[in-house]
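Two complexes come next, and they have one chain in common, chain A, joined by chain B in the first and chain C in the second.
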Partner chain A sequence: MDIGSVSTKGVVVDRDGRIMACEYLWTQGDPVSATKKIIISLQKQLSARVSIESVGTTGSARRLIGAMLEADAIKNEITAHAKGTIARHPDVRTIIEIGGQDSKLILINGCVVTDYAMNTLCAAGTGAFLSSQAKRLDIPVEELGDVALRSRHPAKIAARCTVFAESDLVHKAQAGYGKEDLVAGLCHAVVLNYLNNVGKGKQILEPIVFQGGVSKNKGVVQAFREELGSDISVDADSHLMGALGAALLSRGAKRPKPFDCDIVDLHFQTGAHTCPGCANHCEIISFYRDGSLLDCWGNRCEKGLGKKENVL
Partner chain B sequence: MPDQLAISFPHMGEYSIVFTQLMGHLFPTARVFPAPPMTQKTVELGSRYSPDFVCSPFKYNLGNYIEALEQGANVLFQTGMGCRYGYYGELQEQILRDLGYQFQFLCLSRERAQALALYRSARELGCTLPLTQMLSALLLACESIRAMDRYEYWMREEMGFQSTPGSCEAVRKQLFEEIAQAHSLQDLQRAKNRCRQAAAAIRTDKPPNPLRVGIVGELYTLMEPSSNFFVEQQLAKEGISVSRVMGVWFLLFGKNHRQALKNSGPYLWHTVGANGVDSVSQSLAYAKKGYDGIIHMKSFGCIPELNATPALMNLSRDWNIPILHLSFDSHTSETGVQTRLEAFADMIRMKREEGDVANSQFGRGYRLGIHQGRGGG
Partner chain C sequence: MLENGNTIGEPKDGILKKQGEKMTIGIPRALLYYRYQYLWKTFFTRLGCNVVISAPTSQNMLARGIALSVGECCLPVKIFMGHVASLLGRCDYILIPRFETLGKGEEFCVRFWGLPDIVHNTFPDAPILSYNLQDHKRGSEMQGFWQIGLRLGKSPAQTVAAYRRGVQEQLRQDCLVREKQELLLAASGLKVLFAAQSYLIHDGYVGAPLIRMIEEQGGVPVFADRCDPMTCRASAKTLSQDLYWTVNKEIIGAIPLTKKEVDGVLLITAFPCGTDSLVNELVLRRVRDIPIAQIVLDEQQGESGLQTRMECFMDILSERRRSHA
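The block that comes next holds the complex of A and B.
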């Protein structure tokens, strides 16, 4: 499972790492429900003889869903994406990943991650920016790429910051640019922002693999090709690489019994409390399954409520 | 001016115990207390009254001052010096006065921390001790800092491998409590001896060639764990031996600018302010010793460390050593730092495993019993 800020992805892989079933849907601010939906869908795609021997989670809700699914591997996005991509493209040197809320650059040499970078503080070079602008232009986000490819003179849009980019976009629209030129300009703005913010000072070597939700946007792929002057490959499953990596990382775990898909019938609940122990006011998240405490986190000291044994 | 002196000062790591000890000796009748422990509220208070773009040590300090004043402090200390931190005292004093507090503000950087000026300030505050006793109190404080830094340096390297979690921390707590109570060098020596015995009894299962990471960067962010989300503890949990030269003892007596510039090799020819040169020279030393990675930490907007960053990037490329750059301020998200740290730990672990495979394959052809591992350091 790869539970991202915007979308949740799930895959089931066989012993050789081939994807047997996959699902992709919007998280919509509720990772637990999204995960349940994914499990139901995956179960439908599989025959009843398949048993799931290990579970891995990644993405920003990896810890929460990891506790929910009793995952064998809970891994950060960078390791998971690298693992998934290397399994598909063993010769990859550069992974460009643009997701809903963050973007990453992973450099690889000989199947080993040698360097990485993530965007800081700014959402300009991410999918969130594209989807908010798509809404403004009244174009479904899935169609942005096709619209962009129709452009012949992309508008130049300031790429440094979302707020500036947005006002520049409005200005260009009012000045009479066509929609396709604006969208193509947006795609270039995302690429330029990515290269300046995430890629600064890093050597981007071929072969380059582009993935994450934004890689489905052909306009951005085209813009990357133009800006980098090199070929970019986009896997057919480019949006599933994190989930694939998490699955591969969990492989070999000694799980006492196979994963039970009936977990979707259980009731999961999260609750946030502020620990009154001291002025730190740690926000403690407790995670319950059918009313009994599974795990909790957020506590920063020994005496706080965050420990399993001395919870509220 | 009220009758009783109430002396307080901001936090930086655990050094408040030494400052409390020193001030207690110099002003036996005064009430000496460090600012209340650093909490989320401290940061919020500090941020509320600070310029937004000032670096985080300013905000932490200011939060400490306000909380100390609320506890009745009437004398505040600030060290200043280094980079623009040297001017922070002026601004902080003004902000606190504008808030309506009454207090005396002693900023060491105003007189460039000259011995005579310090002596005069102490006398003005009402220290009646003879000079010899003042000097011996100062000596004890310095020795206390040395003892603290030595233990912590050792602890950072070992903490990731202790068999019983918390045993290193328990010894540290004991040592620090005894240092806080020490009245003479003999007391300190006894504390050090006890600490040495206790530390020798800590059981660790350290592999012969553990993963090693060096930490360099801006001094406050490095030394105050709550300002860096306890990076060192997180690394220890990953089973990584952590090395950090930066400490107050190093700042007071270990710094040698000319030597550091020389030791920065081809990466720096000029000083870049504060500890920027030290970051580069220490990083180069770690690279030469075969460390697995370096973490470069700074507060957001720290100019000296920003100046050192390009040099570090070149160093990273030439020596093939990964460097993780982390920048902290009151807006930094803890999750973001955790993700980056986890990925960093995974990365150096994968790299090491790859290297081990390569080494063992290389060794197969030789079979001379020559150790092919990395150089020790």
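The block that comes next holds the complex of A and C.
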């Protein structure tokens, strides 16, 4: 399971790492429900003879869903994405990943991650920016790529910061640029922003694999090709690489009994409260299954973590 | 800037303690406290004063500091202001030294030059006790302490003796931490060198979560500020001949010094630290033979992004060790 801020992805792989079933849907701010829906869908795709021997989670809700599914591997997105991609493209040197809220650059040498970078202070040039601009131009976000490819003279749009990019876009639209040129300009802006922020000072070597939700946008792929002057591969399953990596990382776990899909019938609940223990006011999240405490986190100190007084 | 740190912030009633009544000195647990705490504590205790040290940084204290500072101030100075605020009314004097230089080719960040002034302008009534460190001009450490003694009404002999004991105690404690670190460097776990200002990484609110994350991932944290500062300053020359910021030199000098023993280096800085932004960039460009990552902390940041970065960094280190084995 790869539970991201915008979308949740799930795969089931066989012994050889081939994808047997997969599902992709919007998280909609409720990772637990999204996970349940994914499990139901995966179960439908599989024959009743298949038993799930291990579970891995990644993405920003990895800890929550990891507790829910009693996962064998709970891994950060970077390691999971690298693992999944290397399984598909063993010679990859650079992974460009642009998701809904963040973007990453992973450098690999000999199937080992050697360096990485993540956007830090700003969400410029991520999927969220593209979808808000698509809405402004009244184009469905899925069609942005095709529209961009029709452009002959992409508009030059300031790429340093989304606030400027947006006002520049409005300005160019009012100045009479066609929609396809604006969208193509936007795709270039995303790429330049990525290369200037995340890619700053890093050596981008071939072969390059581009993934994450934004990799489905052909206009951005084309812009990367032009800016880098090199070929960019986009896997047909590029949106599933994190989930695939998490699955592969969980392999070999000695789970006492196979994963039970009936978990979707259980009631999961989270509760947040502020620890009264000291002046730090840690926000503690407690996670319950059918009313009993599974796990809790968010505490800055060891004091009281998981103890009764911290439970709602 | 006021010429002499010793003349600002005199309490309105002067030193009016009755004979036999103990004076209380407040020390903010921030900035150079982490460098001189034993010297300061010993000195004042030996002079017969009570010493109050502000509590470890908390969210409240940081929020207070942010509210008291101008927006452009760096995170550590904001934290410092929070600590000063928490000491007001609890002591007769607050120790806020002015650090300029340890000698030729050495300099402290300008925030340390202006610290007593910044505090004085924020809290005009705060009773500030200060000493100037500007070695080659007109104020050695010893002279500074001598003046503090005078101001507190102590005899020169008593002051000098207290200062000497303070220096000894500081040296002794520094040696102890260094010896402990030597043992850690010889340990077998994945060792991560924290190249960070001591007031960031040892701060209970800002730095401690980073150390905890590394330990949770099975790493062994070691610290640049626990290496010998003289050796570090010399070793920093292999990275750059031109640096003059003393504290930065001591931090980055630890990288070439320990790189055979540690598995990776984490450069930790707080937004918007001027000296770090230059020096860390230099390190990132010149140090190529060891995994190195920079973490920029700021007052707004949540922990989740940090967690991902730290976990991934530890994954890189363990993969690297496995592939080298």
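The definition used in the following text is that the second predicted complex is superposed on the first by the 303 of 312 C-alpha atoms of A that agree within 3 Å, B and C clash if a C-alpha of one lies under 4 Å from a C-alpha of the other, contacts with A are read in each partner's own complex, and residues count from 1 in each chain.
To be clear about the criterion, contacts are C-beta pairs under 8 Å (C-beta built on N, C-alpha and C of every residue); 3 or more make two chains touch, one makes a residue touch a chain.
Everything quoted here is computed from the prediction, not taken from an experiment.
Enquirer: Assess the superposed three-chain arrangement around chain A: do chain B and chain C clash, or do they fit?
Expert: These partners clash in the superposed model.
Enquirer: Is A:112 contacted by the first partner chain B, the second partner chain C, both or neither?
Expert: both
Enquirer: Tell me which partner A:149 touches in the superposition: chain B (first), chain C (second), both or neither.
Expert: A:149 contacts neither chain B nor chain C.
Enquirer: Is A:261 contacted by the first partner chain B, the second partner chain C, both or neither?
Expert: It touches nothing on chain B or chain C.
Enquirer: Going by the contact rule set out at the top, does A:137 touch chain B (first), chain C (second), both, or neither?
Expert: Neither: A:137 stays clear of chain B and chain C.
Enquirer: From the options 163-171, 217-225 or 361-369, pick the one stretch of chain B whose C-alpha atoms clash with chain C.
Expert: Only 217-225 shows clashing C-alpha atoms.
Enquirer: Common interface residues of chain A with chain B and chain C?
Expert: Looking at chain A, the two contact sets intersect at 60, 75-79, 110, 112-116, 118, 120-121, 201, 278-281.
Enquirer: Which residues of chain A touch chain C once you look at their complex with the stated criterion?
Expert: For this pair, the touching residues of chain A are 60, 75-79, 102, 110, 112-116, 118, 120-121, 201, 278-281, 300.
Enquirer: State the interface residues of chain A toward chain B in the complex, per the touch definition above.
Expert: Going through chain A, the ones touching chain B are 60, 75-79, 110-116, 118, 120-121, 201, 278-282.
Enquirer: Quick one: which bits of chain B touch chain A in the complex? Just the residue numbers, please.
Expert: Against chain A, chain B makes touches at 36-37, 39-42, 310, 313, 316, 320, 322, 327, 331, 335-336, 339-340, 342-343, 346-347, 350-351, 354.
Enquirer: Inside the complex, what are the residues of chain C that reach chain A?
Expert: Answer in residue numbers: 55, 58-61, 205, 208-209, 271, 284-285, 291, 293, 296, 298, 304-305, 307-309, 311-312, 315-316, 319-320, 323.
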